[in-house]
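The structure that follows is given in the form of structure tokens.
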Amino acid sequence: MPIDYDRLDPYQFGGVLPSGCRYDNAPVIILPVPFDRTTSYMSGTRHGPRELLLASAQVELWDEEVGADVHSRGIFTLPEMDLSSATLDAAMATLQRVSGDILDHDKFLVTIGGEHSITSPIVAAAAARHKGLSVLQIDAHADLRDSYLSQKHSHACAMRRTLEHAKVIQVGIRNISEEEIRALPELQTTIFYDWNMREDPDWIDRATGALSDAVYVTIDLDGLDPATMPAVGTPEPGGLSWRELTTLLRRTFERKAVVAADVVELSPIPGLVTPNFIAARLVYKLLSYRFGLGGRSAT
Amino acid sequence: MPIDYDRLDPYQFGGVLPSGCRYDNAPVIILPVPFDRTTSYMSGTRHGPRELLLASAQVELWDEEVGADVHSRGIFTLPEMDLSSATLDAAMATLQRVSGDILDHDKFLVTIGGEHSITSPIVAAAAARHKGLSVLQIDAHADLRDSYLSQKHSHACAMRRTLEHAKVIQVGIRNISEEEIRALPELQTTIFYDWNMREDPDWIDRATGALSDAVYVTIDLDGLDPATMPAVGTPEPGGLSWRELTTLLRRTFERKAVVAADVVELSPIPGLVTPNFIAARLVYKLLSYRFGLGGRSAT
Amino acid sequence: MPIDYDRLDPYQFGGVLPSGCRYDNAPVIILPVPFDRTTSYMSGTRHGPRELLLASAQVELWDEEVGADVHSRGIFTLPEMDLSSATLDAAMATLQRVSGDILDHDKFLVTIGGEHSITSPIVAAAAARHKGLSVLQIDAHADLRDSYLSQKHSHACAMRRTLEHAKVIQVGIRNISEEEIRALPELQTTIFYDWNMREDPDWIDRATGALSDAVYVTIDLDGLDPATMPAVGTPEPGGLSWRELTTLLRRTFERKAVVAADVVELSPIPGLVTPNFIAARLVYKLLSYRFGLGGRSAT
Amino acid sequence: MPIDYDRLDPYQFGGVLPSGCRYDNAPVIILPVPFDRTTSYMSGTRHGPRELLLASAQVELWDEEVGADVHSRGIFTLPEMDLSSATLDAAMATLQRVSGDILDHDKFLVTIGGEHSITSPIVAAAAARHKGLSVLQIDAHADLRDSYLSQKHSHACAMRRTLEHAKVIQVGIRNISEEEIRALPELQTTIFYDWNMREDPDWIDRATGALSDAVYVTIDLDGLDPATMPAVGTPEPGGLSWRELTTLLRRTFERKAVVAADVVELSPIPGLVTPNFIAARLVYKLLSYRFGLGGRSAT
Amino acid sequence: MPIDYDRLDPYQFGGVLPSGCRYDNAPVIILPVPFDRTTSYMSGTRHGPRELLLASAQVELWDEEVGADVHSRGIFTLPEMDLSSATLDAAMATLQRVSGDILDHDKFLVTIGGEHSITSPIVAAAAARHKGLSVLQIDAHADLRDSYLSQKHSHACAMRRTLEHAKVIQVGIRNISEEEIRALPELQTTIFYDWNMREDPDWIDRATGALSDAVYVTIDLDGLDPATMPAVGTPEPGGLSWRELTTLLRRTFERKAVVAADVVELSPIPGLVTPNFIAARLVYKLLSYRFGLGGRSAT
Amino acid sequence: MPIDYDRLDPYQFGGVLPSGCRYDNAPVIILPVPFDRTTSYMSGTRHGPRELLLASAQVELWDEEVGADVHSRGIFTLPEMDLSSATLDAAMATLQRVSGDILDHDKFLVTIGGEHSITSPIVAAAAARHKGLSVLQIDAHADLRDSYLSQKHSHACAMRRTLEHAKVIQVGIRNISEEEIRALPELQTTIFYDWNMREDPDWIDRATGALSDAVYVTIDLDGLDPATMPAVGTPEPGGLSWRELTTLLRRTFERKAVVAADVVELSPIPGLVTPNFIAARLVYKLLSYRFGLGGRSAT
């Protein structure tokens, strides 16, 4: 392009920095996947990645908790993946191929949804590269149905599909069906129910302790208290506070090797930017914990 | 109707089940009363029952805390009661007659408001059938004015009217006028003020302990923290968290005979479904505690 | 139901009248079909029937133009048809069967969408009962694609499918693809393009003149000027004014035998009730023209 | 007040001018009456005066059509009238007394509603001071019911009450009940129905010709096309365009002595300021026609 | 980027085509300038380019009026220009330099605002390259103030600044201050006032006739009727209908050499996409008139 | 004004009382400053004072925690200060002069913003009158930049400017830049970071202990958890709960002489009144703690 001027890029996580960074030299890759096909109640997760990235330009680059500016390491945001005209099976295959390629390039991949069904192909790709991978899932819903409305890849089945590739530790669960309860004995999952998990003051240690060394983190935003995160398709009262969530994540990053992560199910509410901002901050927290721990935190 | 097809009914609590249920065989009756006459700040409770029922179709039927699916017992939703052209006295009389009839049929009645003034005629009906009935009220406002804007049946007088039929335990109160404070010594009410009730770690036991054996539960949604429940006419900061509210309710149901309940003052906010969903979930929690305790809870 | 009280029914078109009416004695049947599967831009037509019916309770029963109260003749609203878990082919078959049954009962059927794809099965049912049926379509979009995103029953193909059963007169068209233009010579359709149809002052006579004696009317609400009707998924500037639309409809009803109609693609905007009200008024206009012409109009 | 600084007053029509003006020296008095008691569908007219005044600060002071800056003549805005705790009869009496006093001071009074029921007491005051006064009403609704929900002063009866003081010319009517139609022969009213009034190209001359010399103008904002004015409680498709309305008003001001006016039923829509601005501009148009005609208009 | 997949680009006008196009081979360049510094009433034009481009993906590529698909010729969208940290003078200089470069590359430049102050530097660039350039301005506001709030480059001065480079024909004006009226005699501008321009049925011919051969078109969206275009900072009732605007533009393109254009002042309303869509359609209309006239229009 | 009637004044904090009060006899002065010039993300704080005052009419006058009705002491609300056309330096000087005058009259001044940059001139005025004044700041952002976008008086520099007049205790901080961290050693500030301040159960005592005897309180509403207070320009997850904030404030008022306060950065969200109400309640809490402590609290 033969024209030069300062430009905005509302689609680069954290905005455009003077230095700029390319795919090649960035340790962090953000992959936006506005996949929104099976959401049942209120649709809108297709707008999630765009609004999260838009809000991300306001996130302070310095994280005062870990004492580091991770942005300067290099965060490269890929263009939105378009899966709208693919069959469901083809969409899942594409996601597995693309995320596998990114992992092969030794990147820390953070995928932004879109609905939760995008998690299983990415975990499949990660599990193929990291023996014994386990998954830490923060969520209101167990998502363990074998199929939902005749659909194997519904968001309501996201973790049942994921379990085909790795064991899962599920935290904050407060919505599970009788059918899922009955299937539990045969599934390689450990559930921390929202209603009683805090009765053990060591629940965070127990949850991180149940993980294997290599970990994939998937955060369905409805795992948070809907007071903090109302912009989700099927809100459930209760759930994790921001402090609980960040403490759990920090410990996980301190003790395990987190190989990739996703943040899904942001369903933006027109006229209310707060949830988009919180989701962007959460993505940046993941990056700060991944690359910044060991820095000099503010005190 | 000579035509047969699958149908949606957005005004059946929990949606339409294959089995279907009728008034006769349902132990639970939902009575929607979109009564909205005296609300002072922002009107809109007339839309409350409709939006709560609409959201209720998304509530998971299985309650993981008590380990039961109460929906299958039979929940029948009556049509919206139309009190719009009645005088206030006639409206109150109709409510008392109708709720009395339902109680006579041995149903567990949950009334959905609408404004808080609907509580006193239902309590009158319940007290006539249950000697020594007491009322557990969750609310931000004491609602103990003797009259408000020359009106005896204003929502601001809801509990003063109710006290004519039963004693009241008031929880979460953080709005009370000087006039009400002066009247307190003569009223059969026990108030747990939001600002200091948690200083006693046993406040829940004290609150349930103050109730008699037969209990009516009335939940003004503004008793919840407005972070969780912004869709009310006169929000007050502070208030109960979801966890506090459900713990209080569970203990009440475990220890007392709850004979009926209401959930009032939902004032839906256009474009924001989260509060409607939380209100629907709260109604279902009441039913799960009423019929499901003793089941095998998730662990 | 052994309990008696005045009730609201937000799901009966025009609200509940003292007299009440049943399916059997009502000449008009309203069929709400919240079908919303293939809408591409902003989803939301699933909420269309509910909001239209809700607004309909505010429509004045007396139509001053035709001088009649059609509501008293009897308008019966069927429950919402649930097609959410059917395959697309099964959904279309059900719609054809149900609308056929209603027509067999000699009813004037008005279907409320939901997306435009519901039109072709109803036209199929009507064409099977009325030889030489033609269709009057008000719309911004030609909807003549043979398939869209590999889908034969997409709303973008609604009229291509309809043409398999009846010829179509299309009015207000201002969105048509090159692919559709090329297919036109082989299709039994007459298009009145929005950009030039008014150059002939007799365009309304020409449009009604092109219809056969038995007519089905389908109104995609985006045929109206979006200033009047913004609550549609793919708004297009230009389009018919309320006066143009009602004049066209009145002439059609005066000169032809309209056997059924639909009003589709209402996609309600949270916080803005005006479009819902206009859609409800339009349905009532159809009924007033169908049953009231010949009355004593206001002057 | 011993403190001096530049101040904003969002509740002075047109904002605060350097010169300032007082009640005494202002020929124009704006009286905001946020009266909202009987509105049936969507409440909100109580917020109308405030939002109209807020928007009025953006209105350009120079009117290019009449070639004058009426603001500099002096427009004084009274504080909002509080009728919330009065009985309906007392409220009407207060309005009649206050508007009578203002007229006695030889002011041009423009009242801003609030609901339409405020018109009749002001007309009563004006008729007592101007023999043979007639009323020009722009409205979608005839408002000729003798009572509505047992209420004589409902907005649905506004013009029936007004007819007790002056004859009325009603323009743009497209909602009238059978009961009102039957009462027409005995009422001193001339109705221009929206559906056919334009068939006579001289309708504006006929409408102004039917007025007596002294005229009161009442504009229910729903008389405008809802495309232009969606912020009303009971929108009706059709209605006057901005051009039709301003032409009708200009002719009326040119040919008659308009003694006072009101603009009522603004029911602001959160997040949409356009209607508020249009309402403010309409008030300023009234003033420009009243005081500016004869100026040098832009050409 | 070593990863390949189908991608969405919400910031390419019209979306991503299989063929793709580059700056070099595209005859049309879209330049988004989210400049928003001096807007007085409601800010938000900074979101205009983004929302317009987002909506543009829904615009039908085939224009049925001119009978052409202009998109296939090649439309390249530059990244958003970031002027947020520049001084006002530097911002204007950058805009003039960049637009000049684009014009030097023989592109048809359409700039998307942002506020109206961006017009004058682009006109300066165009006038330097096209002798005797004139400007066709569609607008509610004359924007002829010499300065506003001590600011020479306020949007309220946009056309006063533009007049330093070219004469201007102003259409749809309905807001002009006394100060501007007084300055008119010395300014090289011809104003078509909204209130009377239609009294001459040949006003469109007169307006296009007043233009020189080389024309720059600037469309402030508030020139449209706010019923059609409510998403502007200072809406004014009246204004051009879609039909009037497109007829005026078509004639201008048929008779003159339009060298560049801008569409400014889109101030998106959260939750209401219709205006964004209309603005996108307008941009595409400009392109269709520029490159498609002579095609085979639909009839 | 020669006309007498009950009036509403939406611009008097707490509404209009029968007694009324004047500047002279009121111990509390509310100064609304809708200053909004440098806010970066979403503008809107200019609407903050108006919406806060509007909501304040619903605040219960009796504070049940301190057992007092402070409103009856006299709260006088000044008109909105208009700083829109002043240079930044002049605006700051005016604010310092006006607040100084008010303090000289021995008033308790509560300023309502508007953006945070208004704090430093008021602190300057207070520090000149109270030797050794310290500032208690509740905020998400440190606001310690020396300049931001070349601007010394940006809201992002609010506390850096304030530090020129008094030392500051900053509570709830969770957004600070690397540049600010580096400047800390030379600044007279003590920061309580949100992420770890609660690890010391005595943090409130430590925070109040760090204050000098004379204290100015500045509350940026984004210091609260955005679940409670979403109506801010740059929300940050985490932050103080209502209970933490009120406890901190109560202790401060109990132990120190608070001489003035401000509540800033309310950026109202259209359609959502809850945050406005909470902000109004917070202002009243400040007054109750200032004048009511020592009363008989509810128990």
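As written, the chain order gives the labels A, B, C, D, E and F, with residue 1 at the start of each chain.
The rule we apply is simple: contacts are C-beta pairs under 8 Å (C-beta built on N, C-alpha and C of every residue); 3 or more make two chains touch, one makes a residue touch a chain.
Only a predicted model underlies this, so the values are computations on that prediction, with no experimental measurement involved.
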| item | value |
| --- | --- |
| Shortest walk length in steps over touching chains, chain A through to chain C | 1 |
| Interface residue identity across copies chain D, chain E - same or different by half | different |
| Size of the rotation, in steps of 5 degrees, that lays the CA trace of chain C over chain D | 120 |
| Chain C and chain F: spacing of chain centres that average the CA atoms, whole Å | 56 |
| Where chain A and chain E are represented by their mean Cα positions, the distance between them in whole Å | 41 |
| Euclidean distance of C-alpha centroids - chain B vs chain F, Å | 37 |
| In chain D, residues with contacts to at least two other chains | 85, 225, 227-228, 270-272 |
| Contact graph of the chains (line, ring, star, complete, other) | other |
| Chains grouped in pairs wherever the two touch, ordered by label | A-B, A-C, A-E, A-F, B-C, B-D, B-F, C-D, C-E, D-E, D-F, E-F |
| Residue ranges of chain B touching chain F (in the complex, touch as defined) | 40-42, 173-178, 181, 191, 193, 195-196, 225-228, 230, 234-238, 269-272 |
| Residue ranges of chain E in contact with chain C within the complex | 58, 60-62, 64-65, 69, 225, 227-228, 242-243, 246, 271-274, 277-278, 281-282, 298-299 |
| For the chain B and chain C complex, residues of the former touching the latter | 1-3, 5-11, 16, 23, 34, 50, 54, 78-83, 85-86, 94, 98, 101-102, 105, 270-271 |
| Residue numbers on chain B that touch chain D, as the complex places them | 43, 84-85, 149-150, 270 |
